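Some structures to go through are shown next.
The following pair of complexes shares a single chain, chain A, combined with chain B in the former and chain C in the latter.
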Partner chain A sequence: MDKLVGAIWKLLRSNWLRILLGCASLAVFIAVWWLYSAYLHAEWPFSGRTPSSTAEYLPNPLQVLSAFFDSFAHRDPVSHLFMTSHIYASMKRIFFGFVLAFALAVPVGLLMGRSRNAEAFGKPIVEIFRPIPPLAWVPIFLIALKLFWGPIAIVFLGIFFPILLNVTFGAKSVDPVLLDAAKTLGAKKSHQFFKVVLPFTLPYLMTGVKVGLGIGWMCIVAAEMLGAVGGGVGYYIYNMAFQPAYFDRMYAGMLVIGLLSVLTTGVAGVIERRLYRWMGMK
Partner chain B sequence: MDKKVLIAIVIVAVIVVGVVAAAFVFRQSPEGGIVQYITVAPMNMKASLTNGDVDAYIAWEPYVSDSVVGGVGEVLMWSSEIMPNHPCCVVAVRNDFANGPNGQDLTRRFVKAHVEATEWMLDALGHKDGANYSLLVDMAVQFTTRNATVVEAAFEHVVYGYSMGSSFKSSLEEFTEMYIDSNLTTDDKLSSRGYSSIENFVDSYVNTSYLDSLSSVAPSDAILNPSSPIELGFLAGDLHQMAQVVAQNKAANDGSKSMFEKYGLKVENATGAPFASGGYEMTAFAAGNVDIGYLGAPPAILQHLNSGVGITIISQANSEGSGLVVKVGSGIDSLRDLENKTVATPGESSIQFLLLKIALEREGMSLEIRT
Partner chain C sequence: MDGDEVGSSIEITGLSKVFAHDRLEVLALDGFELQVRPGEFVCLLGPSGCGKTTVLRIVAGLEPKSGGSVTVHGREVVDAGSDRGMVFQEFALFPWRTVRGNIEFGLEVKGVPPEKRAETSRRLIELVGLKKFEDAHPVQLSGGMKQRVGIARALANDPEVLLMDEPFGALDAQTRNLMQKELLRIWSATGKTILFVTHSVDEAVFLADRIVVMTARPGKVKEVIEVGLPRPRDRTSGEFIAVRGRVLAELDEEFEKARAREISPD
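Entry: the complex of A and B
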């Protein structure tokens, strides 16, 4: 316990300026939000004006926060589920989407990065499909892949391309001097790959993973917009906005996604550091 | 020591088993059964029924007849069997438009054209061998992008009408009450909008004054709003909202002018129209993009109460016209057979969801989201 407190204290002391700046940016954001909401609602300090017709669409931070806590404490009015069920459903989709994307993008990316022929073969398809918004696939995936895999496939698309591109780029940019040195020292093909190419690509891969997870969360509303089984945070956001128009709950759902994304990216960061240490890279 | 550990393990195991068993027992509803639902867009429901994602669905026409004519589904129950004469789609006007320059006059003229179009449809549907009937079917085929067989089957189950009598109002009151029961809106919201009761809300939300004063509306040779057309909102391919298609069609009037034009109105499709759902249309109302629109009564009620979208219901568009469809050969012959099956609905705030809930509750069954 003492060790933990000590570690936290040390972290705070050495990073106090950056932590302060981080808090300041959040504080500024919340203050601007609150002021603008007060302006629309004609509340203090804007008590003089008449409320705007769009005021209902921007509740103040406190209302959103209370909707946020309420979503964990009570069942929501649309699907009658707790937020924890929604989070579970969304996490499941992100997890499966991520595992599939990772398992496919890493080998394909390495291949495309190391072999010019493979790149020539794969690039046209990647470049054509990459910019298509996952949203465009929603109806097709839902019917063709059905209710379980359909939403996962949409998340998969969001995660797949960032990992693929980063891995390809990383594998491609391996310093030839390093490879030559390994060859001179008598490294076999497999050793060249595992001792040079893979460690060199790892930082790129992890960047791809972090970017991909973020985009995966961006796709969650699209994935759960139509026919989501068992709810989901995206389903929650979409339905709160378009069915009963509970906008405080909608913003609370957005907050949940933000926090979940911070969590998944954080986990990826921890794994990244562990990997570097394990492979003796730092 | 070992013994203590053993006893502890046994106690924990008993507690865990007990909790799981209790949870299981409480999940089984004592009376009736549970029907599971998921949300699917009506245009995808036929596909979901075909690929086995759902065992049944409830939707509006033409998405009911689409499956029936296609041989995929059969109708277990029409919405008229659940709630005879239930209201469905309505015409609503944005308050800022109605209270704006010429707003009252333009709205009254719009309602006049809507009523005339509805009567034209009723007449056409009453004479199946007439030219107007085939014209109506042609228009509906174009509007819904379904074939003539589907459209003709669908017409059998939609009741077109415009008047808003006491049964219309009491149905809206019933829907509002159900929404309050399920927390989709609250008594607080009702009173914060200045309504003292549900009756008071429906009374002031439904404005019959336009319908009552139609006799004063005369055709106009000139277009009254040439530079600022009425922005019309409606849902994509919704057969319930055929009146606006008819009123925009020149052939349905005298061939040279549409019914809207006859009453001096320039009408154009609003930005974003046709909308995918009533929820979207309400958002467009709120943004000021729609002046007058056709939509389901439920989103009109909910978003008005919850986010204060300022509109008023000025006419009915249709009643009935929805159906509960099950897969052909599924062996589902009654609502009871739906126990533990999955039904697709257009969403918890839709009229179809409410009707399904009403029907199941009569059987002592409940509707829960599939997890």
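Entry: the complex of A and C
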């Protein structure tokens, strides 16, 4: 009996349990989805009912999964592209948007974090523009910046603010005693910046990058909605939404975005951990 | 400028400091005077809020003074500089740098070539007893070890004076006693002038050549006590206890004054 209790305790505290719980949550989600879809379609175990008129809105998980694999094997019926091309196109937008957002948000964030005047100047603009959803900019960006830069600009907006806010906060939280120490060791202003402020801000920057990438993916459908050069996963989803027969593909496109976001955030996470180890912080 | 033979390492005359909080002005230091001889170990002792840390920060050049004069080796202090090393109560180590990286910081910003930096840090790591930890990061070190890094880092620039702001205040009693002995060993090995802020009477009597007891705010010198006991000092000896009693009596008076003022504010 004691052994059993001990074993249960051990399991409860192990990592395996956490992994198991993660799988369980996915399994529960898929089961509920499947049951509801079966209910709408009047399939087993709901065979007796008449099918719902909205049944076509929700294909079952297996149909979505097969549409997912099919999208890599065959060109899609609307834009006649493979899913790999759509992924490449979206990744390129995320990449360009990210690079631009990073290049602008980091220096501006550092400046606003370290200079009260810069903050006083920048804060009103930031606070007014930050809550405006990137979606609101879609029409004008696509008209004014056209199909190449328009989508990138929308993704840029999504990534820019999380990085800016985190970098500003990080630069602001630099422990003053570390700057005092640097000064008494003979550090000039530039040394204080590059050897104290910058390394101190790095972990905050990484948080901003992770959050920003997630929001970047959230903007991709909006960015590619009204047209995109060379396709895009968002473009694919939007086009598949016009015909109920393609709804399984539409859901497959959503799955692709989810997986891509997990991938980019995962890469950022690996870089972050490496950085922490290299910097000696856990 | 005084010659080095006659002169002091640190010379503070008529030092005053006013802190302005909103519209309220607080006189923290008023006519503080102190001369520290080269190679001397002086402790600043006083009730909390008496401005002893402020004196240290002004000498370090981290805080501007409101009046008076502060010179270190004949040069007026205007801002922080590597001729005055400082050791902080919070250790203030750069968490992203290794022990060696922390110690070499000052040399790095001075542009000393890597081989020479490595040589200096190796020597200092040995001096403070951190061999085998040179590649550890601060998170991996105990409080005592962290402060050994803090001391080595301040010494790396070969400063004329070492300013220590309650450096052992965050350590447990055992480590604290050990670090006091270690500091005396390092002091006699390097011959630096040390200005050491503490609120521990025991620590001051154990370490100092002279103890400067400060008044309650506004801080000035109340009494300078020459310890005059040979080292290593025995905390349980009669002489030690006698000096301790004298310092304590001076300090108690100021505590009473500070307390009386708190009870009936003027």
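In this section, the second predicted complex is superposed on the first by the 260 of 282 C-alpha atoms of A that agree within 3 Å, B and C clash if a C-alpha of one lies under 4 Å from a C-alpha of the other, contacts with A are read in each partner's own complex, and residues count from 1 in each chain.
As a convention for this text, a residue touches a chain if its C-beta (ideal position, glycine included) is under 8 Å from a C-beta of that chain, and two chains touch if they have at least 3 such contacts.
Note that the structure is a prediction, hence the values are computed from the model and not measured.
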{"item": "When chain B and chain C are modelled together on chain A, clash or fit", "value": "fit"}
{"item": "Which of chain B and chain C A:T54 touches, first, second, both or neither", "value": "first"}
{"item": "Partner chain(s) touched by A:K123 [first = chain B, second = chain C, both, neither]", "value": "neither"}
{"item": "First, second, both or neither for A:K10, with chain B first and chain C second", "value": "neither"}
{"item": "Which of chain B and chain C A:R274 touches, first, second, both or neither", "value": "neither"}
{"item": "Contacts of A:V229 with chain B and chain C, given as first, second, both or neither", "value": "first"}
{"item": "Per-residue contact with chain A, leading partner among chain C and chain B", "value": "B"}
{"item": "First, second, both or neither for A:L185, with chain B first and chain C second", "value": "second"}
{"item": "Distance of closest approach, chain C and chain B, by C-alpha atoms in Å", "value": "42"}
{"item": "List of chain C residues in touch with chain A within their complex", "value": "60-62, 79-82, 84-86, 88, 90, 92-98, 105-106, 108-110, 137-140, 153-154, 156-157, 163"}
{"item": "Interfacial residue positions of chain A with respect to chain C in the complex", "value": "175, 177-178, 180-188, 191, 195-196, 199-200, 202, 279-282"}
{"item": "Contact set on chain A toward chain B in their complex", "value": "53-54, 56-57, 77-81, 85, 89, 139, 142-143, 146-147, 226-231, 235, 239, 241-247"}
{"item": "In the complex with chain A, residue positions of chain B that touch it", "value": "38-41, 44, 47-48, 51-53, 96, 179, 182-185, 277, 279-280, 282-283, 286, 299, 302-303, 306-310, 344, 347-349, 368-371"}
